[in-house]
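Paired with subunit B in one complex and with subunit C in the other, subunit A is shared by the two complexes that follow.
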Partner chain A sequence: MRQSLKVPALVIAGALVLAACGGGDDEADSGGADASGVKTGPGISDDSITLGVMTDLTGPFKDFSTTLQAGHKMWVDEVNAKGGVCARQIQLESRDHGYKAETATIQFPDLEPNVAGFMELLGSPMIAALKTDINDKQVTTMAVSWSSELLDQPYVIIVGTTYDLEIINGLDYLLEKGDLKKGDTIGHIYIDGEYGANGLAGSKYFAEKNGLKVSEAKVTSTDTDMKSLVTKFKSDKVTAIALTTSPAQTASAATNNVGLGLNVPMIGNSPVFAPALLDTPAAPALSKLYVVASAVPFDSSVPKAKEVATKFIAENPDVKPSFTVQYGYAQGLIWGQILQKACDAKDLSRAGINAALKSSNNITTDKLVSDLDFSKPGSPSSRTVYIGQVDKDSPGGLKQVQALKEFPDAKTYKAPHES
Partner chain B sequence: MSEGTLTADPPAETPSHGRRGGLLSNPATLFRWGVRLVIALIVLTPPLYFEPSWLRVGQYVMIGAVAAIGLTLLTGQAGQLSLAHPFFMFVGGATYCVLGSEDAPGKVGFGLPSLVALIGAILVAAALGLAFAPVSGRVRGVYLGVATLALVYVGLYLGQQWTSLSGGTASGRPSPDLNLFGIKTLRNDPEISFLGQAMEREQRVWYLFALLLLIAALLAWGAVRSRPGRAWRAVRDNESAASALGVNVPRVRAEVFAISSGYAGLAGVMTVMWYRLLKPDESEFAGTYSIVVAIAFLAMILIGGLGSVGGAIAGSVLVFGLPGMLTIMIGGNELFGTSGANAITPAIFTSFVYGAAIIIVVLFEPGGLAALGRRLKATAARTQLGSTLLSPKGS
Partner chain C sequence: MNTFIQVMVNGLGKGAVYALLALGFVIIFKASGVLNFAHGSFVLLGGYVAVRTQDDLGFTVSAILGVATAGLGALFIERVLVARRPLADPIALALLTIGVDVILTEEIIRRLGVELPFLGRPYDGKPIQVGDITFFRTQLIALAVGAVLVTLFFLAFRLTGWGVAMRAQAENREAAALMGIRRGRVTAAAWVIGGVLAGVAVLFLATQDFSGSGLSRGTHAIALVAFPAAIIGGLDSTEGAIVGGAIVGLTEALSAQYISFEFSKVAVYVVMLTVLIVRPSGLFGTRERTRV
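Our next item is the complex of A and B:
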């Protein structure tokens, strides 16, 4: 027995010796300052600022992300042509996670040391999986999600109005238009999960405030047939349908709304609609749908939106336009202002960037999204929305019917983490 | 991996240890230890050299390996097809969180020591596997596969509904930190440095997972080579014959299902620690505990060779490891043009490679990597040097 221990002992000793030869390479990337006294951090070199993008170019949000990235690229090209931010050129380093949380979890530590912040992190499963990483690394991250449940995260930026406020504003719009009145019932179809729960919180608040009832209909993200739910709405005599769903579910709900003879107006959060829906048989039925979003519709008459749209069509004649072009461009404008603020304070470290974000109470994007206030933790950065009606003939599929507006119930609503 | 080439039906007589004479003088023994040394180096040194993202891939492979070992015992050794592994993983992960976390608003927690929570999670998963015995004892083959598939849906439903335990699909609930005799796993507390390399979270989790995988693999090897393993194979090959030999068939079938579920439960705890989060899936087709994952485990044991423990580990390297490795290697390269609607991105490329690997293995070596290993070993043994080095112990 004593002899047989010799060999394992040798094994371990050998392993240690070999391991010791390598040693570890220490990471030392934080701290330091450049010649002009600006404190730097990860992703900041003397002539460039690198921002990370974690997106989905192969999964369910492929179309959404493609146009979003086109928007990013337009902003980057423009700002770099003007000399960049803080005398540094902006660079984007992007990864495609394919809407898989495990892929994103693996990519994050690979990408994170190279970037000053994230221009985009798409998808609520990915955001949930990376929340602790983002906090540990103190990296300011722009999430492509509008859930107000995320507002307790100090390093997460949500650009614009959250799902709950989108629904409240949308229902208020119908109330103002006379499509809804006290005592009515609203049918709300929502996907189980962060997205749906947040949207539902909006309709519940609105119903309570205005003396209406909500008929709730929960679906999972893979359900595609909404017929039974719309039938239920019909027997509940709903006068409007709210949607916090995926585009495919929207199409089914719209078709059945007309097909079953219910014919009530529908409002939906920004992700319920995709321009590709207009190539499906559901297109005629969709004209009853109003999409409520903090981002401007692609075909809006807002001057800056027009400018970006014209440029996009010239640069990408083959890509189907979508509101995410302007939204992506607006994300760039916002990052540009935060970085400029950090530069003015001579601190481009991660802490400096986050401090700049926290002190930004008036970020403007030429009305691509409403003016944003990031200085109140827990409170959505904006409460105003654009409302677009689905329209086959408009590029991007939405016709603007309501310019930026904050409806009365949105003003009084308290978000989950708001103090 | 000297044990990686373990046969599905190992020779009945295992030569005993404890031969007189110098162990080191026997070239075969020396060679065996040499192989073990190489494996030890492969497992022990990456945390000293590799970037955190590579370590995460390795940790993920180890999760898959533990789950696949459990499945290969059930499917390969005992002949019961199961697609319910993701469900038992979810049960294990949720139990770990419930037992190990403190009570929080809207979330039930018992605040037990994390090691107790870990063991409790394995036991609860195994107990649920045992509770499935009335079904697994009666239904055979593909029908059992379909019956177990139902459990994935049960898991999906419970995860969404029972938010006080699961944390809900919205934000989930954080993983308790495994406190291993005073050393925290998910935080740098206390700070440790090993050979000049600070042992941070990724390094700690790597070593912890390696330890868990080692224990899981050793237990599996032990079971396969001894009485339980023989009973499983007897039941798999012919139930009547097994019964005639004195094997209590229903009991053995229930037992192996419970053991396999326990393995899945452990993999679930590891998954929760890997994400640092328990989050129920939003749909049955995509997510951490979904049907896709059940199929991935099946792919692992098929690629590795049904019933082979080493093969299950190798299968996990291919199925859980390859996509991650390719993602990092291709990473930021614009080689494939990551912009534009029709670009081939790393994510698409990796699914091609992964799919091709499965087809190639199944087409050219239906016995999986384990059979390939056996064949290589047999070829090597025919050479002069090989016959000296690979001779069985004691000869």
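Our next item is the complex of A and C:
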């Protein structure tokens, strides 16, 4: 009899131990609270906040990403030296997806449980592939993509002016300069996917408002020779070229714009340019390109931009500077303000972080990017842009030709999810 | 009219480089009966040596080094992997070259890291304007170099002992062997020539004018366009390789201008399929005749 009781007793004891362990896990998943009563969640420990980074260090936007990471690091070092946020040190955990959505979908489940939010998820195809997971896990994610199609996503942060508005502002700039007029044709080369489609939406809106035509040219991210497209533009008599492309495609478009004797001004979204292009045979032809972005050019005279630039050069003498240094730093400033707001509300859980984001209607970055309003779902957080002209003598490769400005057609444009 | 001429110039410029690649592919096939799928990696090998040495040695010396390395690399593959298996099934040897291609390509891409180095400093990005037509210097030089190399090859093919031996071997291997032709020498020379042509082609491929990209995985992908060029011309026809290269270049350029850029990527394969349906052995390939 004694023997027969032993087994059930062991089973019950084992079950109790397992239940106790299971209960502990559940509590960790749903978030507990620290000694000061701040509710915590994934990626939050007593002394650290971990943010995830999913970037492209080996694909078409590798130059863009390399300096972006440098900007992140500068902010992290600075904020940690001052004691961190909510008495916790900021830590970054990174993965390189190489601009491949299939790689990103494998990396995400591995990284997501360790982070409070994502400091960076680069690339429209990756964001499109991970949208559902981001919503399911309720993880606030700063997209390094400026597609206004993403503005219906409650957990995706888009910092600044979206691709459509960048193109509208850029074309308005050419219109004001007299480089475009009613009846003209704009040639627009765009990458197949959300990035390209969103940029194209901008040129179509601008063309409709101002009585112009658009000659569309869709490419894939692996196409690098734009000769046949520019030959077509020449026969279509385009008077300006808009680009929503990768830097390599920009270089080819610029080379052929000049080489084929078309010689028209070019405007491009923020990701079209990388300073490394100035070391390629395309360099002389790139001076016709104006880059439209909500982030300040590296060489801008904006005081905070100068401060970050000086520090970057001192810390990274061998890395080519780019506007993404200041942009990466600004991303940190924005995350810092959101986390501080969540900390003040004593809630660093994922829900608390997202609530802090949604109630932020005036995030500032000392003009590294325009002032941001995240409180209106569906609306871009900003409509203003800086415009930089490619200039090989300027550090970062861009000379600021237009300070932060919202052009007339950008004011009237309604983004796809805007109410 | 100017647009049409420009499109033809663009197409023929590209076609010259495709022809060099296709010719190398065909020569190897003709001499050894092996479909060399490692041709794209020979392109990368030559290009890699050239980009790594061009800062120290200057473009000309580095280009010669790159071309020589591609030729020697091809010879190495032939001697170590192909020549030792004289009785192997050609399909097995073709599969072997796929393995070589994967290993060599991945290693070179790994070594390049995040760099996309360009070749062709003396001529890249320096177009010549004649009226309203633009001639890209890279393509002009590619045409000239291609013409010289092809002429030299055809002269050697017709007038030298090696050429006669190769033609004999391509016609009937057993009879050629019985006549005392040293098969090993003929095939080794063919692989060297194929590698050299790949090494020359990359000097034009990894340029802003031709591909808009430096040496990269994309260069390897462009080199694969040599396959349709060789198939269109006829896998065992050296003349066909030249015509096939030109057809591929022109098809790409004309379809991008007059149909769409997206269609231009498949247009080459549409042409290839059409040719295969009408003439299964390609435009200039030897027709197989079976007596019943």
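Definition applied: the second predicted complex is superposed on the first by the 391 of 419 C-alpha atoms of A that agree within 3 Å, B and C clash if a C-alpha of one lies under 4 Å from a C-alpha of the other, contacts with A are read in each partner's own complex, and residues count from 1 in each chain.
Definition applied: a residue touches a chain if its C-beta (ideal position, glycine included) is under 8 Å from a C-beta of that chain, and two chains touch if they have at least 3 such contacts.
Note that the structure is predicted; figures quoted are calculated from it, not measured.
Ranking subunit B and subunit C by residues of subunit A touched puts B first. In the superposed model, A:Lys62 lies in contact with both subunit B and subunit C.
Once the two complexes are laid over each other on the shared chain, residue contacts for A:Lys227 go to subunit C alone; subunit B is not touched. In the superposition on chain A, contact is made by A:Asp96 with subunit B only, not with subunit C. With both structures placed on the common chain, the touch criterion links A:Ile106 to subunit B but leaves subunit C unconnected.
When both complexes are overlaid on chain A, the residue A:Ser252 reaches subunit C alone and has no touch with subunit B.
Of the two partner chains, neither subunit B nor subunit C is touched by A:Pro395.
Of the two partner chains placed around the shared chain by superposition, neither subunit B nor subunit C is touched by A:Pro416. Residues 57-58, 62-63, 66, 222 of subunit A touch subunit B in one complex and subunit C in the other. The part of subunit A that touches subunit C in the complex is made up of residues 57-58, 62-63, 66, 217-219, 222-229, 231-232, 234-235, 248-249, 251-252, 255, 259-261, 280-282, 284-285. The touching residues of subunit A, when paired with subunit B in their complex, are 1, 3-4, 6-8, 10-12, 14-16, 18-20, 22-24, 57-59, 62-63, 66, 69, 73, 93-103, 105-111, 125, 128-129, 131-132, 147, 149, 191-194, 197-198, 220-222, 318-319. By the touch criterion given at the top, residues 17-18, 22-24, 29, 33, 36-37, 40-41, 44-45, 48-49, 51-53, 56-57, 60, 156, 160, 168-172, 174, 195-198, 202, 274-277, 279, 282-288, 323-324, 327-328, 331-332, 338-341, 343, 345-348 of subunit B touch subunit A in their complex. Those residues of subunit C that touch subunit A in the complex are listed here as 3, 6-7, 10, 113-114, 116, 118, 120-121, 124-125, 127, 129, 132, 134, 136, 207-214, 218, 221, 252-253, 256-257, 261-262, 264.
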